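Here's the structure, in structure tokens; my notes come after.
In order of appearance the chains are A, B and C, and numbering begins at 1 in each one.
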């Protein structure tokens, strides 16, 4: 009896001793987007191949995720081994020394295959600091049947005027069909992503070369006026609380004529399991103003420098952003559902081109995005639908609140712009610009 | 002699709780106070420096500050009026003879147990959503234009959600108080031919005053720091229309990562909370003695 | 005759009260119903009340995304643990405040309560730094202590109001009999105070269970309670009402059931000495 007990205890002790050396737990912070949730479900091959690694998933809503991850990384809390971050944060965080460079990802990784605009945005001094999980630009998704009914043909890249005209003609409020759905929910990654890129296309930047806010300019006024006017005339009710997800739900249930948003939405709206209009969706490049509307976003996996399992983390990141993972998703869910917008090889794959009618416009949109020159005038910042300074999150959200109020009819366009200008001047002065 | 011994012992017994509370207050408070005089942004480490009252200046001159003050008062006031008013009505109703009183009470008490996050998510999406929400369907069914509650009446919508959560609390306390009302007194009043209204204002309401005070006190403590409901539904918007003081501090701390500014905001909020506490104490002191 | 009137009055009140109760309860009922629908049925217009294809696939989906049982256990440990810890500290404090009140007792109580009004976000970063230094991030111990401290003022105050209603003559009598202080508390005070302690315990378990700021910010996975479980269902991509409802139902069901079963005890303490 006591022998057995001793033996058992011994076994326990041995396990206890050897466990920490063998098993590593990776805590992965990720956003509750469809592709990420799929990654969690598909991670079995990885854990099978690496039985010594356990995965802990922390799936959060985007804003909560950003708040949690930033707090932890900036205080070096070390709670996460892998974080999901956007290409806006990556260069800023990399410069602070908060992220580990992703070198030696293994022979099969083929980092050169990553689309050049994407990898350029994730590199600092030639070193990659985050691996893109999926990338996106903006494009127009529209209902071919409604467009036909309105007697119009969508050009490859329409002008803003064409969009407004088509939106009015497609609207049928009785039948709950709204010509255009755009983001209106306040947030730097929500309405300000769209409005920043739209204003850039109108030739209106956030700051001039001396970091002076530009909201009092005529071009901002025109852009915001056009946006509010068309949304009031042809947008869905409650647009000021619609973000990407809300608009996606609206489009999927057949309530939108056109939707200008992230290219990644294409695989959701064309999926017959989720979308009631899957067979009636057409795609066009984002509208053209003084410059074409540009947009470049990538959800990436990065490794905080405070991790205690850098090697295991790197192994996972390499797996999740590899070509093999893409093939695994394709085998399980079809090519149309693979994470898009990161690798050249995907767009050269005939099977993908066949399965994803949106492949071409997606690639063209991504390749035409120029982080350095987003608008028709010279700017001191990088970024197409965001501005690459740490203060932008807060500033973008405050300004977004004002523009959201203008959309809800709680403030006039002039009032909103005036408030935006004031807020921006205040915050920039407080942060000590020009730096 | 015994009393002195007892008193010392009493002090000793209070001290762990009080010391812990003191620590809980003082340590973060001291840190917050320290940070409030620093220029300290989490996103630009290595730039920390003493900047005097600048953070306070920025917080107090923030265009959102006065709106937030106003919203905080409206939120607390609005919810108090609805829950106390509705609570009295419901308590009077539940005090009447009826069938299935136990079940009714269980149904009424339920919202009090719901996580604020959950109730905000449910109200926002399944009821107030202007396209897929039940209210929108109801509006369409009667031929009206669906109302976009969270955009057009953001603060009112939040007051509604929070009131729904706190109404059971008020009802229960008031009901318990009502049930302790002397039935002989009531009968005597009836004999004197007092009408329902007279009975209510002269007998019931004075009897409930203590309970009402308690409801106001407890609710105020929780309502001053309403946060989850705002974060989930409106994010303080549109504009600043549903930003309260707690949310303003949150946006400084965790959207702007401006630890200095948020600390200044926190200190100001604590000062305001203490003013409210003194005010409440006066009120309570009068009624509860 | 009189009997008839009272009978019809009874029916009138019954209908009124049931109506009001159903309106108040409806959001919860609707959430539970929606959790058994498909996503398409969940947003169907006109809404489907009972006649839809009942399914439990949402529950399966929610469970496959995060381990419900672990979050549930964490919620139980954290909420019960913090309340018990709070009671241990608060009972002696409230006892002496109630029976040996000083001049400043009222002020002290009020000040304790006012600490609850401090906006949590303002002290999060200092707290986070402290937690990191002590290695308490994502630990059940850390979050339990924080929740205990947050609810301590309420616990002390509830117990205080309850203890104050115990007639001190009884204590005097016990003292005359030569009972020691320990015996006084153990054998005289405690039995009388048990109902009050029970309702304090219940209310604070509920408050701790539903606390969503500190739990969300100071835990990650190992110690994460149900509040973080629900955090991933806020505005995800695509249709989500049914999944949100299923997750919500799972998060609120335990505390709702506990609340219902113990509502009598709860109500007694909820009066905060308001009823004399």
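Of note:
Throughout what follows, a contact is a pair of C-beta atoms (placed from the backbone, for glycine too) under 8 Å apart; a residue touches a chain by one contact, two chains touch by 3 or more.
Being a predicted model, the structure only gives us computed values, none of them experimental.
Ranked by C-beta contact pairs, the top interface belongs to chains B-C.
In this assembly, A is the chain whose CA centroid lies farthest from the centroid of chain B.
Each chain gets one centre point, the mean of its Cα atoms, and the points for chain A and chain C are 38 Å apart. Taking each chain's centre as the average of its CA atoms, chain B and chain C sit 15 Å apart. Listed for chain C are residues 43, 124-125, 231, 233-234, 240, each touching two or more other chains.
Under the contact definition stated at the top, the residues of chain B that touch 2 or more other chains are 42, 132, 254. For chain A, residues touching at least two other chains, in rising order: 71, 75, 249, 253. Only residues 6, 9-11, 13-14, 16-18, 20-22, 24-25, 27-28, 30-31, 34, 43, 45-47, 89-90, 92-93, 95-97, 99-100, 106-108, 110-127, 130, 149, 152-153, 156, 181, 206, 209-210, 212-213, 226-227, 230-231, 233-234, 240-241, 244-245, 248, 251-252, 255-256, 258-260, 263, 267-268, 270-276 of chain C touch chain B when the two sit together in their complex.
Contacts from chain A toward chain C in the complex involve residues 27, 29, 32-34, 37, 40-41, 56-61, 64, 68, 71-72, 75-80, 243-246, 248-249, 252-253, 268, 274. Residues 63, 67, 70-71, 74-75, 92, 96, 176, 185-187, 236-241, 249-250, 253, 255, 390-391, 393-394, 397, 401-402, 404-405, 407-411, 419, 422-423, 426, 430-431 of chain A are the ones that touch chain B when the two sit in their complex.
Interface residues of chain B, counted against chain A in their complex, comprise 41-45, 58, 63, 129-132, 136, 145-146, 148, 150-152, 234-241, 251, 254-258.
The residues of chain B lying in touch with chain C in their complex are 6-7, 9-11, 13-14, 16-18, 20-21, 24-25, 27-29, 31-32, 35, 42, 90, 93-94, 96-101, 103-119, 121-123, 125-127, 132, 134, 137, 140-141, 164, 167-169, 172-173, 176-177, 180, 210-211, 213-215, 217-218, 221-222, 224-225, 227-228, 232, 245-246, 249-250, 252-254, 259, 262-263, 265-267, 269-270, 273-274, 276-278, 280-281, 284-285, 288.
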